[in-house]
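Just so it is clear, A, B, C and D label the chains in written order, and each chain counts residues from 1 on its own.
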Amino acid sequence: MKALTLPGRSVPAAGTTPRPRRRSRRFNGPLLAGLILFGLLVLAAICAPLITKADPTAQDLTQALLPPGSRGHLLGTDRFGRDTLARLLYGARIDLRVGVLAVVSPFLIGTVLGLVSGWFGGWFDTLVMRIVDMVVAFPFFVLVIALVFALGPGTGSIYLAITLVGWVAYARIVRGEVLVAKNQEYALAARASGLPTWRILLRHLLPNVVLQAIVFSMSDIVLSILAIVTLGYLGLGVPPPTPDWGSMIQDGQQFMLTHWYLAALPGFAVVITGLALALIGDGLVERMNLR
Amino acid sequence: MGFVLYIGRRLLAAVPVLFGTTLIVFFMIHLVPGDPAVTLLGTHATPQAVAALHAQMGLDQPVWRQYLDFLGRLLHGDLGHSFFYQSSVTSLILGRISATLWLILAGAIFAVLVSVPLAVWAASRRGGLADHVIRTVPLLGLGMPAFWLGIMLILLFALKLGLFPVSGYGTTFAQHVQGIILPGLTVALALTPILVRSLRTSMINVLGSDYITTARAKGIGAGRTIAGHALRNAAVSSVTVLGVNIAYLVGSTLVVERVFSLPGVGTQMIDAIFNRDFPVVQGVTMFFAVMVVAVNLLTDVAHAGLDPRVRLS
Amino acid sequence: MSEVLAVEGLVQQFEGRYGLADRIARRPRPALRAVDGVDLVLREGETLGLVGESGCGKSTLSRCVVGLYRPTAGVVRLAGEPIAGTPTRAQRRFVQMVFQDPYSSLNPRMTVGQILGELLRYHRIVPRDQVAKRSRELLDLVGLPYRALGQTPRQFSGGQRQRIGIARALALEPKVLIADEPVSALDVSVQANIINLLLDLKQTLGLSMIFVSHNIAVVRQVSDRTAVMYRGRIIETGPTEQVFLEPSHPYTRLLLGSVPRLVTHVAAGGAATAIPAEPVPPAALPTATAEVGGCRYRDRCPVALPACATEPGLRLISDDGEEGHLAACQHVPG
Amino acid sequence: MSPLLEVEDLHVEIPLPHGTLHAVRGVSLTADAGEAVGLVGESGSGKSLTLRALLGLLPQPARISSGRIVLDGVDVTALPARERRRRLTGAMGMVFQDSLTALNPVMRVGAQIAEAPRRKLGMSAAQAKARAVELMERVGIPDPERRYRAYPHELSGGMRQRICIAIALSGRPRLILADEPTTALDVTIQAQVLGVVESLRRAEGVGLILVSHDLAVVSETCRRIYVMYAGRVVESGPILDVLSAPRHPYSFALLRSVPDPDAPVHRLLTIPGQPPDLMETAAGCSFAPRCLFAADACREQDPPLVALPGDRATACLRHEEADRWSDLVAGLATVEEV
């Protein structure tokens, strides 16, 4: 039952020319740069007490509005004499933590709902998609702000508000991927071989559809950090005096002519965080395309 | 015929969505922890005031009854009464609507004027220096808070260069135009990074597609190929990309109005939040949803006008 | 030879979207009868070729047989037992499928070892400690090296992937193999490899096979019996040699006449001349969404009669074969 | 008389992030006026890129790295880009494999046909439209006046491909380049479309270069054939001679591995292995690893394309033994039977 070949030759059909398909490298440029940058940000936030001795909430009106480079205050002080560097670092603790954690439950809820509604279709799918349509009719920031207002101040409200609004994006992405994947022949083969549905969903579909959701979660973290910062700027975020980049920008806004850096510096912090996550997202896409 | 039917279909599809948004807006009040009336009035409110508010908000009725009332009033254009002002929410919104519409329009125009040329430029010089710059610089902008960008633009253009007013909207048309440029630019630039990146991808798809090769094979000249074949297809994908992101643009007007002290609906919502003026917050939230649905319908119309395939589906 | 698989009166209908706007515009509810009343018998050890053009319903039919769709009407019988609702585990094992696209038919995130091992374990084909050994045997069977077990599909070429797909189907030790266009996505120089492999495996493992293809030459090469499908129906069926040498249905004649042929000897003076001067038919869709009534080939048929307004059933032309040679045409004396 | 089109030693390269893919490696071919020429090979053989290079339509980032394209005795590769494009597109029209993507989805098909007459041949709008309708009629589109206003997605695959042929003809070319024009079509439609191409070729005296993976399609349509493998022409000559007595093991094996609809064989010949990766350049004949008759010399030496009598050529070191190949393979088959 061998293919017709000359005697004394092996069957070369089987991988004698190992295809030098470019091995998908674990890390590529953008991914590595993004991970390092984000890692440094997280490290700085965790090690805040080691980097500066200053207390981010300690007021000292005699030291108010010092310019960057002052003795003992590398990045200067705000109008209450609080150290800007310390506030930036401790602000990172709040903003990064809330930003990353706020994405976890939307990710899980949206992925599960998208997987189930895409696979089974029917009335459940219709219901989920109707709710999705309703939620996406609202601009993200508007609904989050309105919900935080209704729920009252505090980080708990922020988590809940972002979860209530954020899951729809994941549900949409995952459902779309599932609709494509479930008609791919590998999914048909799994069904034809009689594997149970839960196994097909978890073992065959999920690993193939979840990547898009992971890539999206990178920009979603940016979005949720933007939401927290915006809430802080509007005075609806983490209550003072806890430092937060958004409230720092708001504080600094009134000294724009004389001390522009007070509003500018926390903004740069957000921009750099966004850059790091965008690089990670781009890197992940590039890695996926290589496959 | 196909066109009319398609638009009719889209209009019909918008009805349940709008209906659904009223559900969300209505149930917002039930998210308020504890007794909404107490929370809204503060803990030292008199029992009489709480009871009066209960009656006014209809909180003494069963939930389905409250919703039907809400819906019924909504159908008559009645969004309730402000707690803070002696005025209906509808008239408050109508009084502020023009600045917001202006801002959305200016933002959308600026967004197109900035992103489309950049995307076309990057796509036509694929792999070149311009492409690399246009691809990487927006990465810096993805995490840029719109309000912060606004502050920075004020700092540069209004305070340092004195080209535009720092804030406000004036009273005359000329002042309106002058006052809307910086906020419009802010709204647009906040969206540009996302827009440029997805537009670039779709432009590359258009320029690399087989029908462009067919057109080139005809030997009708590069200019004619671009004008006759690339542009309209590029417009189709631009409209699609814009439609996907328009909700983000509409949403960012909320904070940007605040930064530039524009007398728009967004500023009103934030004022209402600080005044704990629940009906106004609800009303404005609803207004924003209607705006998004309306803008989406407009993009659908534009899409159907540009692309004959859409009308068929 | 005994029957291993039979299909009776099979109908598979797909419903399209029907929204409120369609209801208001009083549009008819869109429905597509991809398979519209098919009877089929597969006997032990034989290869049945199923040919037809795109959209004729041959793929839908094969997917019904492996239980991927629940038929709108009709039954599929495996070894005499009808599939009732969802196929049982034993029924799943009885009939397995080899898919068309070697690139999308294998899960890109699983190694070959995982793909095979999962099936061997779930269906308890062999004891758990024998799974690795059995996987290697399967690779032997399809001519792949053992190191393939640790590799993911993308490390293989199209032909090798198709071998993995065949190994996966064989893992369940089926009696019937459905090959749905197994070579159409492959390079011409690799197609013969897979065709020969399938024929060899059929022989050594005693399989019965339904070979679905649009490639008429391949079907003639591999099958004992041939069935021709057109718009959801079988319009001619019989022993392969008879169908090819004495096609009875006008559509079968057109189909066989349209196949490009290698011209190796022709009178001097130029290229081949045998290009069928077929009158150009109206641009009708190959699958009708609405009921036309009558013979479904009527609108393209050069020899249509008034009698063709009633749809003919399959009529017996000769019965020297096991199942006989049948065609659904009014020109065949009833 | 010099041929209409002459290609000499054409090389096409695709620069990729991980290296350069040498896709076409020194192809030479000629096409006389009114002649039908076939270019056969499987995916990755470089046949489509060769065809696209002729019209200057290489997809990004592929480029011609060397070679000459001579049109009407003029070396167009030496001309400035604008003039080169004017000459090439003036003399040739192209038909692609996938008619759905090859047509502009937002433009009426009639307008797409009328474009070249209007812009290139300088006709008035009315003349161009009349020409388009006439062309649609010639390629066998019923009711052309009405179909003129249709969009591509409103037509069937066969109709669309006819539109593409009409577009290719619209600029009054002397040579049509067709890249797998019927591969996406059903056999019955394929026969119709090939029939249209053939009758137009005869009626108008337009030449044809047909690229296909299907030997049978080429044999029914063309008078001469070029067989390509791994970016090279491995055999060429009058089609009947090549098909009845191939002088290269690749064409020989290909002919025996493809089933014949009229004559099923006991067993198809298989070509082991798969086409080489063009990122790497190994020494020796690129077909040697899969060749049934390869000797040590074949793995060391790159065989040149040598001319044979009867306007034929082959790139095989052992082509003189070609007459024995059949017996060798037949003997093998019986041995394997036992």
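Just a few scattered comments:
Simple rule for what comes next: a residue touches a chain if its C-beta (ideal position, glycine included) is under 8 Å from a C-beta of that chain, and two chains touch if they have at least 3 such contacts.
Model, not experiment: these values are computed from the prediction.
The pair with more inter-chain C-beta contacts, choosing from A-B and B-D, is A-B.
Of all chains, the one whose CA centroid is most distant from that of subunit A is D. Centroid to centroid, with C-alpha atoms defining each point, subunit A and subunit B lie 22 Å apart.
Subunit B and subunit C, compared by their mean Cα positions, are separated by 52 Å.
If each chain is reduced to the centroid of its CA atoms, subunit A and subunit D end up 50 Å from each other. Annotation for subunit D: residues touching 2 or more other chains are 267, 269-270, 272, 274, 290.
With touch defined as above, residues shared between interfaces to two or more other chains in subunit C number as follows: 157, 159-160, 193, 196. Residue ranges of subunit D in contact with subunit B, taken from their complex: 52, 55, 57, 59-61, 85-86, 88-90, 92-94, 96, 98, 101-107, 112, 115-116, 119-120, 151, 153-154, 164, 167-168, 170-171. Residues 130-131, 133-143, 145-147, 149-152, 219, 222, 225-226, 229-230, 233-236, 246, 249, 253, 256-257, 260, 263-264, 266-267, 270-275, 277-279, 282 of subunit A are the ones touching subunit B in the complex. Remark: subunit C residues 63, 66-68, 87, 89, 92-93, 96-97, 99-101, 104-110, 118-119, 122-123, 143-145, 147-148, 154-157, 159-160, 163, 165, 168, 171-172, 193, 196-197, 200-201, 203-204 touch subunit A in the complex.
On subunit B, the positions that touch subunit D within their shared complex are 126-127, 208-211, 213-221, 224, 228-229, 232-233, 236, 306-309, 312.
Contacts from subunit B toward subunit A in the complex involve residues 16-18, 20-21, 23-24, 28-29, 31-33, 39, 139-149, 151-152, 154-155, 159, 247-248, 250-252, 254-255, 258, 269-270, 273-274, 281-282, 284-285, 288-289, 292-293.
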